[in-house]
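Written below as C-alpha cells is the structure these notes are about.
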Amino acid sequence: MNDHPSSGPVTPDSRALGGVIPPLCTPLTEDRELDVGSLERLCGFLLDAGVDGLFVNGSTGELAYHTDALRLAALRVVRRVAGGSVPVLAGAVDMTTNRVIAQARAARDAGADAVVATVPFYSPTHPGEMADHFRAVRDAVELPLWAYDIPGNVQRKLPAQVAAGLAGDGVLAGLKDSSGDLDELRTLLELTEANGARAAGFAVLTGSETMADTGLALGADGIVPGLGNVDPHGYVALHWAARRGDVKEAVAEQARLRRLFALTRVGDPARIGTYSAAIGAFKEALCRRGVIATATTPLPMRPLSDQERTEVGRHLTEAGLGPV
Amino acid sequence: MNDHPSSGPVTPDSRALGGVIPPLCTPLTEDRELDVGSLERLCGFLLDAGVDGLFVNGSTGELAYHTDALRLAALRVVRRVAGGSVPVLAGAVDMTTNRVIAQARAARDAGADAVVATVPFYSPTHPGEMADHFRAVRDAVELPLWAYDIPGNVQRKLPAQVAAGLAGDGVLAGLKDSSGDLDELRTLLELTEANGARAAGFAVLTGSETMADTGLALGADGIVPGLGNVDPHGYVALHWAARRGDVKEAVAEQARLRRLFALTRVGDPARIGTYSAAIGAFKEALCRRGVIATATTPLPMRPLSDQERTEVGRHLTEAGLGPV
Amino acid sequence: MNDHPSSGPVTPDSRALGGVIPPLCTPLTEDRELDVGSLERLCGFLLDAGVDGLFVNGSTGELAYHTDALRLAALRVVRRVAGGSVPVLAGAVDMTTNRVIAQARAARDAGADAVVATVPFYSPTHPGEMADHFRAVRDAVELPLWAYDIPGNVQRKLPAQVAAGLAGDGVLAGLKDSSGDLDELRTLLELTEANGARAAGFAVLTGSETMADTGLALGADGIVPGLGNVDPHGYVALHWAARRGDVKEAVAEQARLRRLFALTRVGDPARIGTYSAAIGAFKEALCRRGVIATATTPLPMRPLSDQERTEVGRHLTEAGLGPV
Amino acid sequence: MNDHPSSGPVTPDSRALGGVIPPLCTPLTEDRELDVGSLERLCGFLLDAGVDGLFVNGSTGELAYHTDALRLAALRVVRRVAGGSVPVLAGAVDMTTNRVIAQARAARDAGADAVVATVPFYSPTHPGEMADHFRAVRDAVELPLWAYDIPGNVQRKLPAQVAAGLAGDGVLAGLKDSSGDLDELRTLLELTEANGARAAGFAVLTGSETMADTGLALGADGIVPGLGNVDPHGYVALHWAARRGDVKEAVAEQARLRRLFALTRVGDPARIGTYSAAIGAFKEALCRRGVIATATTPLPMRPLSDQERTEVGRHLTEAGLGPV
C-alpha cells in the first residue's frame, strides 16, 4: 500500500497537514453553555493519543447549532490548549460567500491556522459560482483555505474537476471529503497529481469513520473521523499501520472501529442518521470514558434515552474502551 | 370561490396578516453595499401598489448572501419607510435553534413585526425535533413567529401535521408555503380549521408566483410572490379578484403573470433554477422599470449576460410593464 | 370556475375522452389467480355509478406485479363487460420502446381502445430520447397513445414542453398526470391550448384522488382516481359538480373524499406510501362493500393486519359507504 | 492485500463463481435485430482473454431495451459459445415477483447457469417485501439466484442486512453490487462472513469499472465491468494482480482503465450518465477493435455523433487498444 503510485514515499511530516485530525465534539454544561474544562480535557486526551491536528467547529462540533460567540469561544480554548503543537483548523461554515468571509475572519482573529468552508448552500447555485465562492473567500482572508465537501448536509457536491482547478491555482490548501464517494476522491487525487497541486502541498483528508483505511490506501493524506473523539488511539494506530504499509494491521483496526461505530445506530430506527443520534452517542461515550462531564447536546437535539445510553456503554465495552 | 368552505366569509382586514406581501429584493450599489435609496423607492413602489405587508430578508431578499449587518440595515430601512402602515415580516433564517434565536432577537430590535424561520437545516434532524425548534424560538422571542416551509432550500418539509400542532398551540402565527405542494397546503388548512387555529388567527400564505390564484382558491390568506417586486399591481389585482370571487379575472391575471415569470428562465439552460438567474432577472426588471439603480447581485452570483438582460426587457414589454 | 378560459363550455361528450375513468383494481382469488367474477362485478359497479371510461392495467391495477397473461386476461374481461359502452384504456407499461410496443400490440389485440405508456425507465435516458420513444410506439401501434406521467414510479418527469410537442404533432392523444405537479399540469394545458392540440382533441386527465377538483378547475378533462374503485359515485358527483360550475359542491365532495383517502394510511407508519398499503386498503374496502370476493394482493405485497383492516372499515363507515 | 482478513487464502477456483465476469454487450444489426455473428465473436474475444464467466442480459446488455424474444436469443447464443467452459449468468430483470419468475424460468430453459434479479421496482415496496420477493423467486426456479443491487436504476438499495439474511438462509447464491457504495459492500462481506454464508459459498461481485481493485481489496470475489467488453485483458490482468497480492500492479492497471473509462463521457455534457452515451461508446469501441460489426443501439437511444465516435477512438489509442 506504501507503493501506491499517487501517494509516493510519504513520511509523516512531509505534508503541511495530514494524519489524524479529529473533528472535535463541543462539550456543553447542563445549561448548554460551553464546558471549558471538558473541552480542555478532550483536547488533552486527543493530543496525548498522538493526533496530528484538531478541527474545531466541524459538523461533529455541532457548528449548525451554536452561536458565533460559542463557536469562537470553543476555538479559543482549542487554540490555547494546542499551543502550536499541532495545527488547528476551524470551520467557517455559513450559507454563502459574505457570511463565510465573516466567519473566516473571526476564526482567523481567534487563532485558527486554517479555515474550512463548504460550497454555498440554502440557495441553488450555478456550478461555476462554486469556484467563484472559494476564490472570493481566499482573497478576503489571509489563511489557508480548505474545502469541506459534505453534500449530504449542503445538497451539492463540489465536483472533483472544480476542486482540482482551485487546488492547481493555489486557492485551496486542502479538501476534507465527507461525501462518501471514494471514486470521486480518487479522481481528485489523480487530477491534483496531474496538475502539480499535490506536489505543491495540496492535501486531501477523508471524513469517513468506516472507510478510513481505504481512503488512505487510495492516497489520502489523513483522516477526520468523528469517532476519533471517542477512540483516538484506534485511529492513530490505523493511520500508522497504513503509513508503514501494514495493510493487515490497518484493516484489522478498521474492522474493530467499524464495529464500534455501531454506537451511532442504537435505539429508535427513525432516529438513525440524525445528528442527535450520532453526536449524542459520541458525547455519551466521552462521558463514560471520563473525558467530558455531561452528554448535553444543544437545542433542538433530543437526548438519548436511558436504554440508548446503555447500548452505547455496551459498544464501548465490546471495543475494550474504559475510563481514561 | 368566496363560498370555499375552509375560508369562510373573509374580508380584507379580518386577519392579522394576509393579502399580498412581497418578499423584497435587496438592492445593492455597484460596490455591493446596501443601496438605501433604491430600497426606499422599492418600498414606496410596493406600498403605492397596495400591498398588505412587506417581507424583508426572505430568500428572494438574498438572505443567504448577506451579512447580519446588511440584513439588519435593510430591515431598518423597510421598517422606516413602512412606518407602521403595513406589517413588516423579517426572515430569521439560520441553521438551527440558537442561531435562529440570535437572528430573531436582532430582527425584533430592528423593528420587525414578526419573524419567519425555517426548520433546522445543514444537520439531519429528527422530525420530532422540528417542533421543539419552533417552540424554543417562540419561547425566546416575544414576536409572532411564522414558519417558512421551503424544502427545496432546506432539504426537509415541515409536515402539515407538525405545523398544525404548533398552530393549535399558538406557537406559530402563520406559515409561508414555498414547497409547491398544494395538497399538503390544503391538508394544513383542513387541520388548522379543525383544531381551531384558523379561527384564532393562524394565517397561511403561499409563496408561489405561478399558482397564487389556486392557493387563494384553496383558502390561503395571501401570497408572497418574488415576482411581486416587479409587478405588484398585477398581484394586488389578482388577490382582489380572488377575494371578491371573480375567478375569471383572477385566472386571467394569473395567466398574464405566468407568462411574465418566464423572465426567470432566460438564457443558459444550465442556469435555470439558480438564484442568480431568478434574482438577477427581478433586479434587471426593477432597473428597467426605474425602481432601483443597479441590478447588482451579491457574490458569488454571476450577473446576467447582455443577451439575457435583453430577454428580460422583452418579457417586460410583452407584459405591458414600462418605467414607473 | 366554469368560466375557466382553458376549459371552455365543455359538455360531457365533446371530447374523445374525459370525465371519471377509474384505474381498475385487479381482483385476485385466494390462489392469486385473476378473479373473473369479482372483476366483472367491479366493472359493473363502476359503470352503474356512471363512469366515463375504464383504465385497466394501471399502477393501481398492479401492472408491475402481474404476468403478461394475467394483464391480458384482465383486459379481456373489462373489454367484454364494457361492451363498447365506454372506452377502455389499457396500460402498456414496460421499461423501454420495444417492450412497450410488444405490450401495446398485445393490448390492441385484446381489445383496448387506447394504450397508456410511461417514459423509459430502469436505464437513464436522454431527455430527447423520451420524445423518440413515444414516436416509435405510436408508429408501431395503430391505437391512440396516452402518456402516463408518473415520475414517482419511473424516476423521470415527462416535461410539459416535450409532451406538448408530441401532442401538437398528433403523437399523443392524451396524458394522465400522476406527478402531483399542478403547476406543470397548467403549463401543459397552456402549451397545448397555444399549439392547437387541445382544439384537436388532446385530453388531459389528473390521477390525483385528493386534488381532483383543483385539476378540473385548472382545465383538466377528467380524473383517474384509484380511490374511485371504492367510491365511484363520489367522484362522478365531484366531476359533474365541477363541470356545471358548482365549485362549492365540488369542493365539499372533494373534502369528503380527502377524508376517505386516509384509508390508505392506516397502520404501520413505515408502510405508508407503499403500494401494499394503498392497494391493500382499496381491495379491503371493495370486499367490505361486497364488490369483490377477497382482498388478496399479489406477491410480494404483505396483506393488511387485522387492525389495519378494521381501520379501513372505520373510514368507510365515516364516509357513509356500506355494502352495495 | 492477500492478507485481507475477510477474503482469506483464496485460490482462483475455490469459489463457485468469481473472477472477471463481463456483462456482455448485445450486438445488433443495422436493422436492430440480434447480430448473432458479432455476439459469437464477442464471446470468443472474452473467453480468449480469460474471463471466468459471462453475464448476459445485464444492464450493459440493454436488458431494458429488448423484447423477451431477443433476450432469450442472446442467451442461447452465449450458452452455445460458452459450451460449459465458464458459467453463464442471465439477467431475469423485471418489475416484480411474478414477472421475474417468468423471466427466470425462460432463462433456465434457455440454458442459464444462474439468474440475476433486482429488488422490485416501479411500485414503491415495503422493505420487508424485498426479502419475500427473493424468497419467492428462489422457490419458483431451480437455479442459483443472484441479487443485482443497482439502486440508480431501480430507486431502492437492497440493504446489506437484508441481503446477508437471504445469503445466510441459502436463498441467494451471490450478489452483484452496482450501488457504488463500498461501505455497504464491506458491511455485506462482514455480515456474511459472520453468519457463515461466505464459508458456504456466497459470492460478492462488484460492478464498478473504476474501483474494481478496491472492491477486490475489500474482499469481493470478482468484478463485472461493462468496460470489460472493450478491454477484457485489462480486467483479467487487474484481477490476477489483486489475487496474487500485487497491489502496485493492480492499482496501475486500474489507473489505466480509469483513463479509458472516459470514453463513456465524450461529447454533449447533457448526455453524460445516460445509457446511450455509455453503451454507445462500448459498442463503438468494439467496432473499432473489430469484434462486432456495427455500433447500432436499440430504440430510443440516439447514436453517437461523428465527433463523439472520433473521441472514443482517441481514448482507445491512448489506452493502446487496437484491432484484434
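In this document, chain identifiers A, B, C and D correspond to the written order of the chains, with residue numbering beginning at 1 in each.
One rule holds for everything that comes next: a residue touches a chain if its C-beta (ideal position, glycine included) is under 8 Å from a C-beta of that chain, and two chains touch if they have at least 3 such contacts.
Chains and their UniProt names: A, B, C, D = Dihydrodipicolinate synthase family protein.
Computed from a predicted structure; not experimentally measured.
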**Q.** Over-half contact-pair match to A-B, picked out of the listed pairs B-C, C-D or A-D
**A.** C-D
Q) For subunit A and subunit C, what's the span in angstrom between their mean Cα positions? A) 50
Q.
On a C-alpha centroid basis, what's the spacing between subunit A and subunit D, in Å?
A. 36
(Q) I'd like to verify one number: the distance from the centre of subunit B to the centre of subunit D, where each centre is the average of its C-alpha atoms, in whole angstrom. (A) 50
Q. On subunit B, where are the residues touching two or more other chains?
A. none
Q | Pairwise touch network: line, ring, star, complete, or other | A | ring
Q: Using the touch definition up top, name the residues of subunit A that touch subunit D in the complex.
A: 1, 3-5, 180-183, 186-187, 190, 208, 210-211, 214, 217-218, 247-248, 251-252, 255, 258
Q | Residues of subunit C that touch subunit D when the two form their complex | A | 59, 62-68, 70, 93, 95-99, 102, 120-130, 132-133, 136, 152-155, 270-271, 273-277, 298-302
